[in-house]
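Multiple structures are listed underneath, in structure tokens.
First subunit A sits with subunit B, and in the next complex the same chain sits with subunit C.
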Partner chain A sequence: MSSADEYSDDEIDYYDEDDEGMLVDDDESASEMELDNFSEGASKKKIYEVDYESLSQAEVEKQMKSDVDSITSIFGVAEDVAPLLLRHFDWNKEKLIEKYMDNAATVSVAAGIAPPEKAPRRPAASGGRLHSSSQSSKESLIGPRRSSRRTASAATKSSKSKVLERVTPQVHNESFVCPICFDDTQTEFLSLVCDHKFCKSCWAAYIESKVKTEAESWIACMAEDCDVVAPDNFVKQVLTGDQRTWERFHELLVRHYVSHRPDLKYCPYPSCTYTVSCSITRASLATQVPIVTCGNSTTHKFCFGCNIDSDHRPVICAVAKMWLQKCHDDSETANWIKSNTKECSKCQSTIEKNGGCNHMTCKKCKYEFCWVCMGPWSEHGTSWYNCNRYDEKASKDARDAQSRSRASLERYLHYYNRWANHEQSKKLSVELYAKTEKKMEEMQMTSELSWIEVQFMKKAVDEVIKCRTTLMWTYGMAYYLESGNEKELYEDNQRDLERAVEDLSELIESPLDPEVIKTLRQKVTDRTVYVTKRNEIVLEDTARGFLEGRWAWNVPVAGLD
Partner chain B sequence: MAVSTRRLQKELAEIKNQGTPVGIQLLSAENFQEWHLSLEVLGDTVFAGEVFCLRFRFDNQYPISSPAVQFVVDDKWKAPTHPHVYTNGHICASILGNEWSPVLSVISVCVTLQSMLASCKKKELPPGNDRYVRHAPDNPKKTRFEYDDDTV
Partner chain C sequence: MDARLRRVNKEIADCKNDQSSNIDIDLVDNSPFHLVGSFDGPEGTPYEGGHFQVDIVIPESYPFQPVKMKFITKIYHPNVSSASGAICLDILKDAWSPVLTLKSTLISLQSLLCSPEPRDPQDAEVAKHYMTSKSSFEETARYWTEIYAGGPGKTGKARASAPKDEVAIAGLDPAHVQQFQSLGFEKGKVIDVLRRLNYRGANVANINDDRVVEELLKP
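Right, the complex of A and B next:
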């Protein structure tokens, strides 16, 4: 299902109507918004939205199939062969065609569809010892850059047959025993084009281990140094009766394909198999935030442009990433200032004073200093417990550095605390939904309102949570905004949204008074409409600011001039 | 019977019937979880006169998954000084990792390692040995070695 807006699921032909690109002017859409059509969504793409399409696994497989079919017909190869050729070239059709036209035999060996023809045997080494020939040729097997099993050499080939000779019991045609399990009750044997025969049960264990443990879909023959690869049909045949591994194998094939297509991205939510198609360019990430939702669930919201698995609008990817990194790096320091500890002036690690003595030794770097003046202890001579060096230069410098870092930390905490507060409230949304549902039931019983009519409560909660996400990210962005008029206007919009959200939030969480349910309904509905408008304003104005290059940053931002 | 047990029984029987290659001896194989073998490099090499002990650990996925193989380092044994052997006995060899094939066996691993030592011209520790040893997991299979050196 295609959807640029989580509320517009049923508007499939939406994109065909709108191909004006990003600069759609939709000033009116916010003012026309009414509570009742929240769930229908706006009919026009908003300035902060991008075009995209959600694809099911079957739909992606259809795309893969069309690539496979075209290769099959161009090269006139078997149906099983084309997928391996494409996979070997990471689905780069042009490169495959070029290389295959150039040297089909080499490409076939590299892509694991044919064993190297008559690999010339290495002359046996000195002889005499039981394993000499296998030894000398096996040097290349170990340690050093063995690129991969996909590049076999004549030398390793011959070594393999040696090893096989050793482990394999005499092969009688009538009683073949699998050289891996030696289980003589096995009756079904399979081999790839290389003719290395193994029992079906060993193949199954091997493929299962590759697929499940290694998440590997490129399954080379089990024989040592054999680079022939199992085509899909072979895997399917081996995995009859193990539907789950087969499905996982299929998923891995699709993931591999998707990961090599810049216009596709796999849904990052656990055990989701949907893909989103979006043709946004790297360069446009400086002005656009490509938030998409997969067709599996409206909660599967993620950014097509970066690895953040949630809606980080209105902040562009580069700034959002910087902010998350900052929060990650500073979480320890932030705790420090809260708990009134000090930091070692040498290694910056946190020190807690837990006795009367001013002589502190940093646990981490062993730096000794004075708790009172923060200066080095070595300069305190014998004035134990009694600091008289508060104004000495070394002590002053240490304190200045600390107060500077304190000031910058306090600035950071200003934004961080607000960010964290909205994040915390969002996390409690599950409980809020549960509480709200109870209230809705209560309303139904104590008033004449129907279940449909009490939905205004749920819609209000939806809106509050959505706006808290916006607010969170506006604080992340504000931290990096250069002060000035633009930032002030930005913060005005932010403040208006925040007030509106807190008002609505308070209203929906306050205890129910059966007397005034009708009034409450009107109030909540009005405030929800207002909150929605304020959120639109923040999202639109910020997006427009990016397009106009209106935002100035107090740090260099990757991808921006 | 687990495939790993049947397979190791078979390998053990083969060792008992056919013996081991020169320079390789089975020290202990009391169960199907852990075996010890001694390894000696014959002829004129930098390891002439030294004997090493290899410890094999098998899980029940063997031989589909590779055994955990390392040189024993204790009061009695030490690891060879070799650019692919860390001083804690861990070995950086692709056949124990991404080049493992289920047709390989305990003996073929020993033979391979014997030849790795035999071709060594100069006793040298792997680069970053100290750092690796300090942080190494107990089981070498948990390490993701990079097979990035072409000169054995």
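Right, the complex of A and C next:
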């Protein structure tokens, strides 16, 4: 994370935009608008919430522009050059300033704003007229002052009639065949500062291919081994008439900017163009879960700290990731096989015993053996169907190993089943909403309750779904919690929430009785409030536990000691 | 006319007219977008005397996206997969420029044969061979040129000397050959089968020993 003063300019911007009114979740807005961690904001904000701000694409562009403007004014370069410099340095202003001040010429070549100097020709052409030494002519060729560069390029190209112009690309109209399409009917030719001419339609096809198939915003000259990059205005000029590619190009630029700023993250929901700004540090991810919502829609909820597209509170990113990994891995399949099957000791086929006696005959190799001791059946002699070798040490060890493996499997399944159960219920929420909708209509018909008065049902469903998400993740966390008093308290809270949620859930889904609608309404409202409280307790207590370092894990967790 | 078609037709015509470069481009199934290019192995390399064929597919967005090329002729080279013919060359990927042509790309391939880049390999096993013993690598490359690309082989000057280790020439690991020899198979047969199955380097893991024995047992 960068130092605080680095982004101080931007933060001032954030405050301004707050005042203009942002789209933030109604009841949370008060705490989220408060950006100061150390003022009274901390007391208003819930402990499990983080400060963040949602930015539209236009707002991000404004930030980009302010970065560009500052570079433009510091270096005195053209407006078109600064974005390329910044993009080359991945929007790291400090590094750019340092390197550029150190050696402007090298940086300009590397950033693709100037062609590399051709030693034998250029200094001779410009050096004599403008400067006494070739070194200073090199400086003047690329910057820092735009005017001086223009003179320099004019001098270098003095043999040609046209003056090289950076901002508006050179348009050539003389008879010329484009070396790419060989189409002699083309009349409009363009080139970058490197003076490699190509027809406009080839440029357009090239840029479209780069932008659309490669999602690349770094458009290098089409000539071989030429690293000069097309500035935005050039791209815009070429793409006149192809608005969609231009918009996509623009979006790619913004994405590039956002992806290189540690305090910004693009909303991962499909075709959403919002960005969230959050200044959480990597280290604090061990104690905080930065769940944010973008300003486009309240359903666009995601974690700023990791790539899980679900509200995984109260579990921190590292543990949540571990749990998901475990659930997705088929290591548990192997575990099942281990505890439910044995291998034929002759041909190694995997065998599941699903009934019958201990006298096994391998289907594949016809080997006859005892399921209990795995020894050949012939050695059992007359003690048929009753293995007397059971207590021998080898078979005892095998039995112990098997029961250990079974116990760990059962422990995992305990947590996984509950996790999966809540996940499944959550997935059915669409249906539940539809059902509730119907019920609400029914209520309005059968009782004198108005539309606004039956909204309690929808609110209850909202709350149930929210709490199921919390419950889901609490099981993921519990799996990794070391047993002890802390875990017991944690599970008490979890149980209380679960019971409350199941109660409420049952209540919403129970058939409607017109007689008791009023009492039902009271009950549902009360329980919704109770569930909300319980959920808050779970989230708050877990969050506090993280801050206090109260949780002990039964496995090493990445990012924690 | 479609710009891509015009461009490809011109490129093919240019290649036909140009006799000096010794690069041929032929159509496959009459489509100008699926071609076969061929050139001779450069002189002074283990590939000398061989004639190499390259499969060329012109993508939809050519020339703004690079052509797809791979060797049809098997070749022993650090930057070419000895199994699939896939080529590791920058201009076929990110260093592609629309001004490059089929001819210039094939010439680049030809020069890749002159100057292998074992530090950026396509076939790690071949690259390792190149790095550890260049002379043994060249031996194998020459052998491959002879059997796959119609090279001069034994008649050539290098092979005129004393017989060389056939295992190394086939690009195999002596330990692998030994392993199957110890099962009672003839050395020549083991080498032949392992070479055919491409039982080398990282590929070994994908080939079951049973499969090798099965092959070996075939008359």
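The rule we apply is simple: the second predicted complex is superposed on the first by the 388 of 561 C-alpha atoms of A that agree within 3 Å, B and C clash if a C-alpha of one lies under 4 Å from a C-alpha of the other, contacts with A are read in each partner's own complex, and residues count from 1 in each chain.
To be clear about the criterion, a contact is a pair of C-beta atoms (placed from the backbone, for glycine too) under 8 Å apart; a residue touches a chain by one contact, two chains touch by 3 or more.
Computed from a predicted model, the values in this text were never measured in an experiment.
Novice: Can A:Ala223 be said to touch subunit B (first), subunit C (second), both, or neither?
Specialist: Once the two structures are laid over each other on A, A:Ala223 reaches both partners.
Novice: More residues of subunit A in touch with subunit C or with subunit B?
Specialist: B
Novice: Counting only touches as set out at the top, which of subunit B and subunit C does A:Asp183 meet: first, second, both, neither?
Specialist: Both partners.
Novice: Looking at A:Ala105, would you say it contacts subunit B, subunit C, both, or neither? Reply first, second, both or neither.
Specialist: Neither subunit B nor subunit C is touched by A:Ala105.
Novice: So, A:Tyr206: does it touch subunit B (first), subunit C (second), both, or neither?
Specialist: A:Tyr206 sits against subunit B and subunit C alike.
Novice: Where on subunit A do the contacts with subunit B and the contacts with subunit C coincide?
Specialist: On subunit A, the overlap between the subunit B and subunit C contacts is residues 179-183, 198, 201-202, 205-206, 209, 213, 222-226.
Novice: Can you tell me which positions in subunit A touch subunit C when the two form their complex?
Specialist: 179-183, 198, 201-202, 205-206, 208-210, 213, 222-226
Novice: Which positions of subunit B touch subunit A when the two form their complex?
Specialist: Per the stated touch rule, the residues are 3, 6-7, 10-11, 14, 21-22, 61, 63-65, 83-84, 92-95, 98-99, 101-105, 107-108, 111-116, 118-119, 147-152.
Novice: Can you tell me which positions in subunit C touch subunit A when the two form their complex?
Specialist: Result: residues 3, 6-7, 10, 61, 63-65, 95, 97-100 of subunit C touch subunit A.
Novice: So in the complex, the part of subunit A that touches subunit B is made up of which residues?
Specialist: Interface residues on the subunit A side: 129-131, 134-136, 138-139, 141-146, 148-149, 160, 163-164, 166-168, 179-183, 198, 201-202, 205-206, 209, 213, 222-226.
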